[in-house]
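You will see chain A twice below: alongside chain B first, and alongside chain C after that.
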Partner chain A sequence: MSSTADTLLQVDGLRTQFVLDEGTVTAVDGVTFDVKKGEIVGIVGESGCGKSVTNLSVLGLLPKPQGRIANGSVKFEGRELVGLSENELRKVRGNNIAMIFQDPMTSLNPYLTVEEQLVEVVELHLGMSRKDAVAHAVKLLHRVGISDAANRIKSYPHEFSGGMRQRVMIAMALLCDPEVLIADEPTTALDVTIQAQILELLKELRDERGMGIILITHDLGVVAGMCDRVIVMYAGRIVEQAPTHELYASPQHPYTQALLKSVPRLDEAMHEHLFSIEGLPPRLDKGPFTGCTFAPRCPQVRDACHQGEPALEETSPGRHRRCVVPLGELETLA
Partner chain B sequence: MSGSTYESSPASETTTSTESAAILRIEGLKVHFPTPRGTVKAVDGIDLSIQKGETLGLVGESGCGKSTVARTVVGLVHPTAGRIVLEGREIQGLSAREMRPLREELQMVFQDPYASLNPRMTVASIIGEPFLIHRGQRDADLQICELMSLVGLDPSMRRRYPHEFSGGQRQRIGLARALALDPDVILLDEPVSALDVSVQAQVMNLLDDLKKRLGLTYLFIAHNLAVVRHMSDRVAVMYLGRIVELADRDEIYANPMHPYTEALLSAVPVPDPVIEATRERIRLEGEIPSPTETIVGCPFRARCPKAFDRCATDVPALKEHKQAHWSACHLPEEAS
Partner chain C sequence: MRGAVIVVGSIGAVFFLAMGLTVGLWEALVLLIGVAFISSMLWYPPHVMRIVGAALLAVFLFAFLQTIAGTVPGAVIAIVLAVLAWRFLPVRVHRRVGFMVPSMVMLIFVTTILMYMAPGSPFAQEKQTTQQALEAQAKKFKVEKTALAFFGTYMKGLLADGTMGLSVKVQGRTVEQLLMPALPVSMSLGLLALVIACFLGLVLGIRAGLKPNSFADYSSMGVAMIGISLPNFVIGAILLVIFSYSFQLLPVAGWGTYGHLILPAITLALPYAAYIARLARNGTIEVMQQDFVRTARAKGLSEQTVIVKHALKGAILPVVSFLGPATAGIFTGSFVVEKLFAVPGMGQWFVTGALGRDYSVVLGTAIIYFTIITLFNLLVDFAYAWLDPRVREEL
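Moving on, here comes the complex of A and B:
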């Protein structure tokens, strides 16, 4: 993928492994993508597909000592992040790349007020005075929709509802005005009406700040409404990548086709039975795999699928897929 | 509580019809929990009835009381007021011992297939435990294998432990156990919420097949409106411990009457970027009030985009505004 002046983040051939007593597990393999200014890139896939590990690798937050980037490169505005010291990485996190997680309660310290936690970040990263730091934090809390922020900042995390805690997390991520925000299932724990509020807020912030956002989610509905481009992962690999409209209109990988087909949706007539993909994703500790990792569950499997792993190839500008079935022969699911 | 006295109730109404009598009926159910911060009215006066062979979907956001309803019906929680009638017998407030014989009629499946199975028991002993407890039967190997096949598990895996199974398989184990005593009614509390999309579809299809094959009746509780639509014959929407709307599946999704149902439906993301780009969302401001708060008027009023004067003073009762379509809202009366 070529880099342009707008490219903020470039991940190339990323392979992440975990060295365990039972052996080495390759959790992410050959992952390549980039994120441009003002763009929301969705990463979708089911549990264990490697979407979260990809982003922990980008942030240099893999659990030590088991996790390691075995191969590939992660560049922020052209600067290589793989191999940076913990100290240098810490500056990148926060200042350039920030993140929010599914459960804000695990990322906020329950013993400290929101003020103490937010101000600590500002003092550390921006070197502001205490007074300016508090004012800055209040301004951002206000921006993310927390009313009466000057008083609410003195509260402890448990005194906020789930939706409000997620807003506090977003404010915290924005403190140092990062260029890239990684949001890992940011609304999965929230109710739909609150989810709609938070997603709307993320879009507004993207528009205001020109941030690049990586949105990790399992919800294909959230992706459809939020993302400019989508990456579909399966068993640690990217199986398809495309502009959102194109992916939904004409998926080019049997897994994407099947995934889109198995979601019960409100806008369609009811079918007696839901389409379902039989079987389960492969256990990555049973690798390495000789053929396509989706082959055992693929309704369009053929002999070639077992002869070595298919490469991720570009089918048209900005569209990639990892499948040996020629496009002309790919059946669409009825 | 004036809000819970209905002029007619959806529970009594349906039983007077020529249809077969309700297999499960909930009348005026209240579950209040005293806490240091005040009384939490988790369930505050609901009426529901489920016909034999029907799936009643119960939807609502976290804290609306939908799980408490199910937990009260199976006897895990004692009701503050109201009646629960199972196959003609009142079962509310029974002790665990008194409840035991009813397990052959009524079972429950929980959301979290990781937390609801004992990690130290083999799958065979988990599924076989009901036979031991209820029938004193030690060797139920044949039945266990049959149950496993029934839910799509390989019986040769019966000596394994829960952690060796995936989330979807564990939900099948929970289901096999619930089916062991051949119950008539199963309460399913978010049975597919913890599962991935592809596995979720498998389990939903399985639930559907089992219902048809075994003539089961379901109370299907979930927060996902698309999932509930797929599974249910009728749907009830809960908000703050009350039912705010109740109607046949197709009717409620096509013509929602309560502003809360409208907002919920409009908030569900649709997996189609073309639709998403043009869709008008009803934005609900704020969040669900704390259940300890004393609310005057309609409980949804503070977030309702259509609230008017009367909503601040009168609690709307659940009324049948259209044939078999119940809503707890003043709007239809205001309009007419």
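Moving on, here comes the complex of A and C:
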């Protein structure tokens, strides 16, 4: 993948494994993508397909001692992160690359005030005095839409509503003006009206600060409204990667097709059953796999699919897919 | 609501009937009134609760202070403190006091009933005694015919005369004369044991919980298992052999110097240290898997900050909950250890009082244990609220 001046993050051939008593599980295999300045990259896929593990690998936050990066590289502004010492990595975490998590109810520390949780990041990375750090934190809380921030900052997380907590999380992530923000299902635990507000806020912040955002989600509606580019993952691998509008207009992988088909549509008759993909994703601890990992569930499966794993090929500039069925022969969705 | 009233009412009626048949009708009635009074406090509006709480506090303080300071000064101090409490303490504290004082009265009453229900009497001897002599003794030691009458006399003694009564078995001594020298002994022994148990338990438990299934984990939990499985007289004997006999570092038994305190405190503490270690281990493992610990790491904090600042509070909460029962166990369970090391504490009176049917001694130890345990539970609740802000509003 080409590296240009405005490439912030480059993940290349990332392979992440978990060493368990039962054997070694490869949770992420050969994942390659990059994030540019001001770009929102969506990563979609079912639960357990390796979306979150990919991003935990980027920051070296894999659960220890089981998790490890077996292969590949992660470069932030050209600097290799894989193999960095814990001390060096800590200077990147929360400072250059920040993360927000799925459930704001559990991701904030219930025993500490919001002030304490925000200020410690500023003191750590920016070396501000306590007083300046508090002022800075209040400014960001205000920016993410928390009214009366100077007083509210003294509250504990349980004194905020779910949406407000996620705003606090976002403010916490933005304290050090990170170049890359990883948002791991930031709206999954919130109700729909709050979801829209949070996503709108993320977009505004992107425009304002020009940071790159990785948005992990399983909600294709969110992807359509937010992302410039989409990566579709299945069983730890990237199966398709494309600019958002192209992916929606002409998906090039049967899995992407099926995902898009399972989104409920307003213009469809109410009495029809929702489309769903038969079966479950393969259990990664049963690997390694000989053929395409999606083959057992694929409606367009053919003999060649079981012969060996298809490679990720570039079909047009910026578009990749991992499928043996030639593009011309791929059935389009009804 | 109506269904609940019917259910509670019928259970109460059955209970009352059973009590009336076994313990006696009047006793059952007093018990019922006491329970009803304590539970009725749940419905008192705040200003009523403040008055009731302050009044009960005044009664309790008066009973306690008049023994130390005399009747008139005791009454004055009690009333001044109660007025201050009424004016300044929050309602939730009044609720706790309002619960504690009548509970203590009920404790005295129930203990009295149980002592009277058990066969035998304080004056039973192998040698036959005349009826007149028995009656004279009963009159001297104020041992009445029924539990209810004894309860009345005892409460009058506590509140009006400021005495816990005469001991039957230790001639010529009042209960306060027996227990007051023993109380500081038991308190210092119990508190030191509690501190040792917490320190040892937390260090071992957190060390184990941070690296589950490692050598640190297995060794700490192995020590904890030994602490739980071995009875404390065995542990005490082993410690005696090592530190007093082989190395001659510490005195074998007795009381008076700091050295005398160490071995009994450790013996008393070890089983509790073991429990605390297990609780702290599980608490640590659980909290380290929480999302907010991952958040703290993602912020770039050092592992030490993550543990001390973010994980520790959550990890020790189960230990804090256990401190209430642990305190009760350490203070009331010290008899064996006191015997082994010849420590002149409360435990001996607790056991000899019960065995010898020394009614007033049993009640005296029960009152002191009740006070210590209730105060510690109050402290535990405050500690819990201090650690966990979510609990603060509920207190």
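Keep this in mind: the second predicted complex is superposed on the first by the 329 of 334 C-alpha atoms of A that agree within 3 Å, B and C clash if a C-alpha of one lies under 4 Å from a C-alpha of the other, contacts with A are read in each partner's own complex, and residues count from 1 in each chain.
Definition applied: a residue touches a chain if its C-beta (ideal position, glycine included) is under 8 Å from a C-beta of that chain, and two chains touch if they have at least 3 such contacts.
A quick note: this is a predicted structure, and the numbers were derived from the prediction, not measured.
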Chain A as common anchor, with chain B and chain C clashing or fitting: fit
Which superposed partner A:M99 touches (first chain B, second chain C, both, neither): second
Greater residue coverage of chain A in the superposed arrangement, chain B or chain C: B
Touching partner for A:Q195 - first (chain B), second (chain C), both, neither: first
Chain B versus chain C as contact partner of A:P110, first or second or both or neither: second
First, second, both or neither for A:M172, with chain B first and chain C second: second
Overlay on chain A, chain C to chain B nearest C-alpha distance, Å: 8
Chain A positions touched by chain B in one structure and by chain C in the second: none
Complex contact set, residues of chain A against chain C: 59, 61, 86, 90-95, 98-99, 101, 103, 106-112, 120-121, 124-125, 156, 158, 169, 172
Chain A-facing residues of chain C, complex: 290-292, 294-303, 305, 309-310, 313-314, 387-390
Residues on chain A engaged by chain B in the complex (per definition of touch): 46-47, 161-164, 191-197, 199-200, 218-225, 244-245, 248-249, 258-260, 262-267, 270, 273-278, 280
Contacting residues of chain B [partner chain A, same complex]: 61-62, 166-168, 196-202, 204-205, 208, 223-227, 229-230, 253, 263-265, 267-277, 279, 281, 283-284, 287-288
